[in-house]
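Consider the two complexes below, in which chain A is the common component and chain B and chain C are the respective partners.
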Partner chain A sequence: MTRIMHGSIRLLVGLAVLLSLFPFYWMLVMASKKNSEIYRTPPSLWVGDQLWHNIQAVIAQTSFFHALFNTLFIAVTSTLLVLFFDSLAGFAFAKLHFRGQAFLFAFLLGTMMIPGQLNIIPSFYLMDKLGWVGSYKALIIPGMANAFGIFWIKQYCTDSIPDSLLEAAKLDGCSTFRIYWSVALPIMRPALAFLALFSFMGSWNDYMWPLIILNDEAKYTLMLALTQLKGIYSVNYPLVITGTLLATLPLLVLFIFFSKQLISGITDGAVKE
Partner chain B sequence: MKLKKYGLLLGLALCASLALGACGKKNAQASQGKIKLSINYYNGAISKEAMANTKEHFSKYQLQFKQVPSNEDFDTKLKASFGSKAAPDITAINNNIEDYLPYKTKFVNLTKYGTKKLAKDYVTWKWDSTYADPDYQIAMPIDIGPKALMFNVANFEKAGLPTDPKQVSELIKTEDDYLKAAAQMKEKANLPMFLSAVALFEDREQKMTKGIFKNGELSLGEGQLKEAWDFAVKAYQSGYTLDVKLGGADNANAQQKGLYSAMNKASWAIADLEENGTKPGTWLIAKAPGQPSNTGGSYLAVLKTTAHPQEAAEVVRYLTNEKNQRANFKELSLFPTHKAVYDDAFMKTTNKLFGDEQYNPYFVDAANAMKYTESDPRSGTVQRIFEDQMQLIQDQNKNPDQAWADAVKKAKTID
Partner chain C sequence: MEVSDHGTGLQTAPKHQRHRFRFDLEKVTPYLAIAPFYLLFLVFGLFPILFSGYLALSKWDGIGQIQFTGWTNLQRLAQDTDFWLSLKNTVLIWALGTFPMLFLALVLAFMLSLKMFKHKETLKALLFLPNITSVVAITILFGLIFSNLDGLANGVLHLFGLRSINWLTSPNWVRVVIASVNVWQYTGYNMIIYLTGIARISKDYSEAAQMDGANNRQIFWKITVPQLKPIILFTVMMSTIGGLQVFSEAQVLVPSGATPQGGAMTIVYYLYNTAFTNHQFGYGSTIAWGLVALIVLFSAVNWYVTTKRIQGVN
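So, the complex of A and B:
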């Protein structure tokens, strides 16, 4: 009986995996065709022979590797800064007690209620006044501390870091920053892993802000570079899909890497009171 | 140990950010000396040859052509940069120039730089569309998308309709002729003439000679929108439409296999047929029935924030001249607005898709016969309301009278 149940569960999980993988397979199929083959009805379900040709065309038409490097640089820098500033602020809100703390936290949460689109034009004018339009500073610095990340770390710190541990560190003579860095930060690792993934993906996929800010093609991110494949009158779909496939691969690798980190982080020896 | 590791990573990130700022300054210093003009355009607006010609012609300037993502994204970036130090000197504008005419003060008035005398060289309606008022020209035209009738040869033969483009042009002259031919197509070949009710409605909307707004008030083309609506509804109810969505794989498949028989299309649709693998000889081109119409076509404008309006206007004039429009046509199939390009060789252009047919005269006829209709920036929004209701008729069999009433009610809310 249990064997049948186990078998059924495996079968269901297997089917779910196949269903989840199908969009990636379909992307591969479309990326390996000619434009005329894409329009064929019924569509061919098998991988075609144009993949390498399409990859070469994408690389030639979009300065792909240059854009990949730009995107990696922006995403890694932003993520490191977000991790630092969000964890610092989250820790402060969770564990330090200061005047106006409740008001400041409510204010911070309030900023999450404002749709991002409303921010675009005022932010652009601010960047323009600062002379940052066209520079990576405008992509990295405004986003280096965000309300969601601070909220997330604050909640995690409140639940997972025992006050007694911080008091013990204080008794041992640690400064507040030292307590944050050497005691709290290692405990935050699972929350930081999630925030890193979230922040990296957000930065990697960001389109509208880099579109408005960047003026020099040499500075374009991957998402901007890929839209160059689209003309006003016609779209070569296999090239667009090949570009999307190539842009997704680093994220997939990162996700696989971070999923291990997430699991190991969660099972790391947490301190119990 | 960990403290050092994290500190190192953070330090690296900050150093890199600072280094980037320094890079920008270095590049700016290197470009000093020549007059520098930046030109924002989108993929498919200007040919590589035209850009190379212009750089060579203006070797005393430093011209920077910057390709920006197209369509709405291009507009978003352009509108955001109005008044900014980071705005380009010259920008392409897509066929939605009516969105920019109310903001004429953001653009340099090109008539100040001698463009008025060039009017006779360009297709009249397109030239007229560049004026915000009689003395204020905000842009110069690059290309247009005049429309002609593309018909499926096998289907026309099956229905007993002529297949010679000249005879088709003679037979299908008016919208009524178009519907009569559709009836014959259904009766004799049992095939739909048109792609869909929505596509037909959109095609008729482009033929309107009166605007959606008149003196700022909603006028719906003084009855012309309703005529377009009734035409599409009649074709749909009579079973003359295939009812497949415009654009996309299903339409391409229907074009390849001849699942419908005729379409009014801009010249650039030839490239669509080539791209989607349609076999040569499947479609031929005739004169479009009814009013001449157009889809697409870009412009070049100079932004007011430029430090060099005179030089930028010179570049715009050169980029839109005969030589560069020929280059655009050759490389990107952009249909020229400079009438000098419509010479003998141009009129005799052929394409293997259409055998030895010389089809350009049909497009040129449409280009020359078109008249400029003043358009309100809200027109597109109102038209989409009616198109959405037509979609409901097509997809959910909504009562056409109810759909029209709902669309009018919603259109009245657009300020």
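So, the complex of A and C:
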């Protein structure tokens, strides 16, 4: 390969990395300026000194922490429920055998093909009838066992849990649930890590369904609070962007620690299907 | 020692005497384990789908009685210029974003798969990073970058002595802005999927080609792309399904006063407005079914075209 070729490939990849990071940097730049500094032409590309001031303003003038707490509550609760129900069902499909198993699993895979948009209006009707409009139940319960996660755990169990280990536990007199809980679950940890990340992020970033369901500002999630912030302070860019930055930060931290699991999980999920 | 087999237990467990009292419980254990999914699906999946079929042929304001009106809604859909304009917006946004994005992802994956890069994992992570951010957060940011008056984009245009562009109010440009949000968020994601595919292509092909004096461009077009055909098809399908359902980007960027003529009104946004702003839940469901029909149609066409085109290259 020629040197010019090498150089231009490096340049292109470098440019792509730059483009993928720039919006994060720009968030920081805008979040660290005074409102009056934003409207300058040409725009200044450097980080300012108002970040802390803006963070305090967001906390004082908006219910940021409240929304953060709401979001954390919803995301953590749904993630824990998803982990439990999906791992239990995935384990059953991989390691137990029962009548109708093949059909039930094919059915489960088939449900993944159904486009979600069909559900929005009738689900809203259902939530209305159940009295769950405005309640977190509508955000947590319908998704607490999902086909993707069960499929994912099943694949992992089939590949990684030796039958001999389960038989040994059985000979020791463990019940099936006990075998799942004490033997299989610890082995599933890497698969659970990905599933946890995936559903936590999904829950954290969800927008349309909470927008439809939540009508009380006190119950707003971060994403709803952000768009509300954008509506109210449409001329105060630094404040809006500081809120956006704060809402993005937890996911960035999560990504720093778990990027490997997330990336390998996504590729496995995509390529296996 | 008493060894009990519970009938339904583990796949390879030998059959021994059955213990009378625990037998039943253990036999239903697998069904109990998978029951939550099926119950939830029945209530929150199957019922809504069937019900939306009924709603699509009815009139309902969200509070009063549901009136069955038959084919009226379908006739309205066929003649509804707003629906067709929203469809046009959606397809344009999808096309503006998807093709450059997948091509870029493919090229980047190919480049990263070359031996020249040392910190490949770090580069992968950095390029994937945009995918973890929320659509809402990133759309707010892009909205400010592409602000009509004093955003960064217009600032850069001024720097080069160009006139500013009304990014968010011109129908064509607002579609570009929405598409660029998608490109930014999903290029790295698709690149990572392609990288896995490339890792599976036997090294023999490219090594043999190199021996024959093929350059990178030839290897890319003659080996990588044809070999990745199934994965490219998968990503095109996924992007189509996702692209036809674009909502948050459009709604956050143009939260009020969006019109089908304005460029940012996508089908799902139109569905949302029809049902939750104008309280026409019946007709909203008709739109939803129209959307699903389009997704099926698009996937079929995509499948056909993608298969043909990549075969043509080969």
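Things worth noting here:
The rule we apply is simple: the second predicted complex is superposed on the first by the 208 of 273 C-alpha atoms of A that agree within 3 Å, B and C clash if a C-alpha of one lies under 4 Å from a C-alpha of the other, contacts with A are read in each partner's own complex, and residues count from 1 in each chain.
Keep in mind that, in the parts below, a residue touches a chain if its C-beta (ideal position, glycine included) is under 8 Å from a C-beta of that chain, and two chains touch if they have at least 3 such contacts.
Only a predicted model underlies this, so the values are computations on that prediction, with no experimental measurement involved.
Legend: residue contacts after superposition of the two complexes on their common chain; A:112 is shown touching neither chain B nor chain C. Using the contact criterion defined above for the overlaid structures, shared-chain residue A:15 touches neither chain B nor chain C, since it reaches no partner. Once the two complexes are overlaid on the shared chain, A:212 sits against chain B and chain C alike.
Legend: residue contacts after superposition of the two complexes on their common chain; A:253 is shown touching neither chain B nor chain C. Judged by the touch definition given at the top, the superposed model places A:5 against chain C, while chain B stays out of reach. When the two complexes are overlaid on their common chain A, residue A:171 makes contact with chain C while staying clear of chain B. Once the two complexes are laid over each other on the shared chain, residue contacts for A:233 go to chain B alone; chain C is not touched. With both structures placed on the common chain, the touch criterion links A:89 to chain C but leaves chain B unconnected.
In the superposition on chain A, A:140 makes contact with chain B only, while chain C stays out of contact range.
Looking at the superposition, the partner that touches the larger set of chain A residues, chain B or chain C, turns out to be C.
When the two complexes are superposed on chain A, the residues of chain A that touch both chain B and chain C are 38-39, 41, 43, 120-121, 124-125, 128, 141, 208, 212, 227, 230-231.
On chain A, the positions that touch chain C within their shared complex are 1, 5-6, 9-10, 12-13, 16-17, 19-21, 23-24, 26-27, 30, 38-39, 41-43, 85, 88-89, 91-93, 95-98, 101, 104, 108, 111, 114-126, 128, 141-147, 150, 163, 166-167, 170-171, 173, 175-177, 179-180, 201, 204-205, 207-208, 212, 223, 226-227, 230-231, 237, 240-241, 244, 247-248, 251-252, 254-255, 259-260, 262-263, 266-267, 270-271, 273. Every residue of chain A that touches chain B in the complex is listed here, in rising order: 34-41, 43, 73, 76-77, 80-81, 84, 120-121, 124-125, 128, 131, 133-137, 140-141, 181-182, 185-186, 208, 211-212, 215-217, 224, 227-234, 236.
Every residue of chain C that touches chain A in the complex is listed here, in rising order: 3-6, 8-13, 22, 26, 29-31, 33-34, 36-38, 40-41, 43-45, 47-49, 51-52, 55, 62, 104, 107-108, 111-112, 114, 116-117, 121, 123-130, 132-138, 140-145, 150, 152, 155-156, 158-159, 184, 187-189, 192-193, 195-197, 215-216, 231, 234, 238, 241, 245, 247-248, 252, 255, 268, 271-272, 275-276, 281, 284-285, 288-289, 291-292, 295. Chain B contributes residues 2-3, 6, 9-10, 13, 16-17, 20-21, 24, 38, 42-45, 66-71, 73, 76-77, 80-81, 84-86, 88, 94, 249-250, 252-253, 256, 268, 271-272, 275-277, 296, 298 to its touches with chain A in the complex.
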